[in-house]
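Notes follow once the structure below has been shown.
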Amino acid sequence: MAARGRGFGFTAGLAAAIVLVQIAASSAHKVFYLTQLTMAAYAMLVVLGLALLMGYAGQASMGQAGFFAIGGYVAAFLTTFNLGPRRDTLLVSLLAHAHLLVTRPDGSGGSVTHVQPWAAALFAITLAAAIAWLIAGPVFRLRGHYLAMATLGFGIIVHRIFLGSSYFGAADGISDVPALALLPGFAITGRAASRVSNYYAAWGLVLLTLWMLTNLIGSRIGRALRAIHGSENAAAAVGIPIARFKTQVFVLAAVLAAVAGVLLTHYNGGIGPSDASVMKSVRYVAIVAVGGMANLRGALAMGTVLTFLSLRGYFGSFDDLVFGGILLAMMLFAPEGLVGGAIWRRLRSMFSGKRRGDDRTGA
Amino acid sequence: MSSDILLQFCVAGVTYGIIYGVVAIGFTIIYNTTGIINFAQGEFLMIGGMTAVTLHQHAPLPVAILGAVVITMLVGAAIEVLFIRWLDRPSVLRMIIITIGVSIVIREIALHLWDEKSHALPHFTGNSVSALTVAGAKISPQVLWVIGVCGAMVLLLSLFFRATPLGRQMRACASNRDAARLCGINARNMVTLSFVLSAGMGALAGCVVSPITYVQYDSGAGLAIKGFTAAILGGLGSTAGAAAGGLILGLLESFGVWLLPAAYKDAVAIAVMLGVLFLRPSGIFGSAEAARLREY
Amino acid sequence: MMRKVTILSVCAALLAALPAAAAETIKIGAILAVTGPAAFLGAPESKTLEMLAAQVNAAGGIKGMKVELVIKDSAGDAEKALSLAKQLVEEDKVFAVLGPSTSGESMKIKQYMDENATLLLSCAAAESITTPIMKWVFKTPQNDANAARWIFTDMKKKGLKKIGVLASNSGFGKAGQAQLEKLAPEFGIEIAISETYAKDEVDLDAVVTKLKAKDVQAVVNWSIEPAQAKVPVSIRKMGWNVPIYQSHGFGNIKYADACGPASEGILFPAGRLLVVDVLPDTHPQKALLMKYKKDYEEATKEAPSTFGGHAYDAFTLLAKAIEVGGLDKEKARAALEGLTGFVGTAGIFNFSATDHNGLGMDAFELLTVNKNCKFVLAQ
Amino acid sequence: MTEPVLEVRGLGRRFGGLQAVADLSFSVPAGVIKAVIGPNGAGKTTLFNLVSGYALPDTGSVRFRGAEVRGLPAHELAGRGMARTFQQIQLVPGMSVLENVLTGRHRHTRAGFLASMLRLPATVRESRTARERCLETLAFLGLADLADAEAVSLAYGQQRLVELARALVCEPALLLLDEPAAGLNMRETEDLAGTIGRINATGLTVLLVEHDMGLVMNISHEILVLGAGRRIAEGDPRAIQRNPDVIRIYLGEEDADTPDPARKTV
């Protein structure tokens, strides 16, 4: 099928580009560029999930940073909170027996006993999924602005809880998060030594996600989601269980966000409340929009560039201004995104007087 | 817990509520004529406040406020003409994103146009600590100003919508744009007008509340979220609902502070709001049909 | 396709040479929250640094080497601060990093700075930045603990036992709140209630009412945001004349102005910058403070705040360290750690291997606000 | 005598003051083409929505293939073999004709989220057979060469056919057509008549709402006439044409329909 063909082509091209960049960076002795590229990659996981939810299933989520934060904070908390003093409590001793605890020296000569990073990661992701599944039911009884408000509200609540609770470091957030050892000799960490491997891990994950989501969109599920977006009546008429599919895609997006949260937290060695802020959620939405809503590649391309430049402080104190400007321009002139030539089709249709698909981005 | 303390919580809640309510009404005006939620609504308050503060350095307070309102109205018109007017049946999601973009851009421009500091107009009567005693609770005269001015605004608005031909035309657009168009009403101009109106309202509100809340380049977003929450809580589209939603939200926050750590104030208020939404998917005073119709 | 274009552009960026650092220049990085929620800290800090760099270079630089200042705006975002730190250290190869403005950001990057053996002079107050000591991490603002001690000492003198604490939900507020709760017992003071508030609250009547309901004998309002002015206003408006103590985060005359009449009688510990005019000429800091005040007012047409002062100290301390230790990072670090009796805006710095803040109780004075809304020494 | 595919008993629904459908009973025997006619506002479309799960009946029962289905959601009914088209065409923008029709195969395919994401061999096979089935149907309706065109960019008549194709690939036991000829020209209408006939010839039961008397009279085996939500008459075309009540309500209505395919009210 066409979608598959293009999917492979693009994925292959992206893979080549990823390797190319790494070689270029290493040979130019500028490996440090990979830092922001890695961080951008994790942000792109959130974006890809949101693009599926928003662009294809047509369900806006203004609280995606909430799921990112749940993943990151829970993982960070479990891998920094010292269970040593609580050894005798039932839960902790159970964890100990299950060999789910590790002890490492902390900064000040003492030692912390905490949950195995990989176990913490799994728990954090599962928790995010569970929360998404729980709220999906009521949330998707809402439409349009009400749906936006509900997801926005969810994001705010998560942000306030992390910001308010001293367990999560309140305004300082959590730091000194250890590396996340995945394979012997490979761990998710920001240390310069393992920069290249982490770069590949992050982008490999992005590639895999992109491939899987492209498959999904080309599949019966993807068609069902797009049908729900395009016309819920039509979707119901062919037997598509709308509520269930909305829930599932919402959970999928939440899981991707949580995975990103966990990994980026380990990569940065910490997480702060600003990662859960409404502004972050808005940024994710904005990136998806800039990429062209129903356009995974567009979101990925634009998102990577913008996030990379922003993380490098390229726009200085004009960061948000540039971001808002681009967002506006795209939404006004190319709501289907630059990538994939949608804009040209649009211009043509403008001149031929037709404005079909103007609402393609509809909620 | 003595009664005057309790009353003090109410007063605090009402103060917040009125302010949220005004922002919410600003949302409603535009929403009714366009079906758009203008997330830049909070920016109108910010522009109004900042401009008034700037003008007040050279002009007496009333002049400064008037000037601020006029300038903000122009900004409102500009926004509509530049970003909304020429779009052909944009979708809810697209409009949300566009207005968010507008608010971000305005905020950042304000940062570079003015500064990062927080400013405030002087209290209209008395000073920061002067207060009236009502049954043991203290109310700043500024709060009365806020209530008075906002009340007057709402009254004038409803008068405008009912009594004047222009207002009737806007209501016509609100109930059915195409029909209105057929009756020779220029719907587009009505939309512009609605932006101008709510910008003016926002600016005036921004001026009266600034002695209490202060104003800085980024104070718009917070107010917008609260106002949006209030508008949704009340049920989009109804001015009375918006006002009520604001009051409910304000009291929720104030009593949330009383009962729980203040750090979770917003979380509590919004959680309750979501609860309401889940039970009544179209807000307290909103009708489900209306909501459905509007969204598509 | 677009994606490939992207990649190419990135490659182009990669191949672009490093900003060539001439031998005669010292590259100094700064990570400041020039925009975003903490802009009120970052903005005066960056203005101060730019001013200083210009002055130093005009005067021929440090040991004849021109200073090249690289200021990065973190917008108060910890994640971005870390990214910028890596950039400054690995790409720009800066000699040292000044800032960040907030303690949250400082906590995120100090580990990295230490591992990469590059000096960090934080402009954030939280004690946890320099305790436990990290070899390469220093900070210039006075310790919260000392501020708390000043407050508690005065309370004890006045016989105030049961107090309420309000803190902003920023890193500064959080750190102060922690210190207050930690030290209160030492002074036999009971904290009856401890609450936090956000910087964007409409007003603080509700939470103040909550304190009032506990009828405490004094209120400590620990914050660095403009919103802190709303607390005294609420208190006085309610006709509640309880003693109000603020933190050194109150060290900005604008905040006192915002309080209006409510500011009168507020007690707070702060560096001497705010009361330099009434400082005896014999005081060692007098000359320096006068200079900074004058220069800053000329450069920015606005009154200096202690926040800018922290950046001032960070810069001048680093300059001193380089004069002594030269361009060898390890030597400079040792020189900084060995500095004693160094006069800064925040106080007299006496660093040591066990103290990377170098300021004691004497760095503070207990100040109050008189009825003309001016900062004066409290009697 | 086998059980009717659809059996409606005492069906009623009121909207505010308006009794859209009142105490309505009828049945659709297997294999027939049954038409529901009546003047505008007679409650035809409401009846369709009640039967196909797009609106909740206040009273009455709906039995589909022997089971009570009243109040079941639309997708559930579709799952049980009821397919429908819409008066206002409901095609998905941004999807090709083939993709739109493929959505119709939903209940005949299984792959879930994970399987689809991983492109398991079974999934690939499944989707291949689905495409073949859809292409056949498109060919059957003469749309084969439009398979890759964007559905919503087609001519009105063709869009109707795409909707029909989508309904057909559901392999329903009962096909509901809501004004299939609305907005079609004479030729298209005649072709449609032929198409519906051929579909019915495959043994598929059809229930349609239609304004076009010509179409109704020449294809349907049974006709149900509604007026103000109530049954006016029921029977074969000849009987209906002679029925005085029917003639009255149609002549009573200003834009009367005569059994002449050339004129139609839309």
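As written, the chains take the letters A, B, C and D, and residue 1 is the first residue of each chain.
Note that in this section a contact is a pair of C-beta atoms (placed from the backbone, for glycine too) under 8 Å apart; a residue touches a chain by one contact, two chains touch by 3 or more.
Here the structure is a predicted model, which is why all the values come from computation and not from measurement.
Closest to the protein's overall CA centre, chain by chain, comes A.
Averaging C-alpha coordinates per chain places the centre of chain A 32 Å away from that of chain B.
Our note on geometry: chain C versus chain D, Cα centroid distance of 73 Å, whole angstroms.
Chain B and chain D have centres, each the mean of its CA atoms, that are 48 Å apart. A straight line joining the Cα centres of chain A and chain D is 43 Å long. Counting partners per residue, chain A has 163-164, 317, 320, 359 as the residues that reach two or more other chains. The residues of chain D never reach two or more other chains; the list is empty.
The multi-chain contact residues of chain B, meaning those touching 2 or more other chains, are 108, 111, 261, 263, 265-266.
Contacts between chains, counted with the stated touch criterion, involve the pairs A-B, A-C, A-D, B-C.
Chain A makes touch with chain C in their complex at residues 10, 13-14, 17, 20-21, 24-25, 28, 30, 32-33, 35-37, 39, 107-109, 163-164, 166, 170-173, 175-176, 190-192, 264, 268-275, 297-298, 300-301, 304-305, 308, 310-313, 316-317, 319-320, 338-340. Within the complex, the chain B residues that touch chain A are 37, 83, 87-94, 96-98, 100-105, 107-109, 111-112, 221, 225, 228-229, 232, 236, 261, 263-267, 270-271, 273-274, 277-278, 281-283, 291-292, 294-296.
Interface residues of chain B, counted against chain C in their complex, comprise 1-2, 5, 8-9, 11-13, 15-16, 19, 108, 111, 115-118, 120, 123, 127-131, 133, 138, 140, 209, 212-214, 216, 218-219, 222, 253-254, 257-258, 261-263, 265-266. Chain C meets chain A in the complex at residues 1-4, 6-7, 9-11, 13-15, 18, 34-35, 72-80, 82-84, 86-87, 90-91, 103-105, 107-108, 111-112, 115-116, 126, 128, 132, 134, 169-171, 173-175, 196.
Only residues 52-54, 73-76, 78-79, 83-84, 86, 90-95, 99, 102-107, 109, 111-113, 116-119, 123, 126-127, 130-131, 152-153, 166-167, 170 of chain D touch chain A when the two sit together in their complex.
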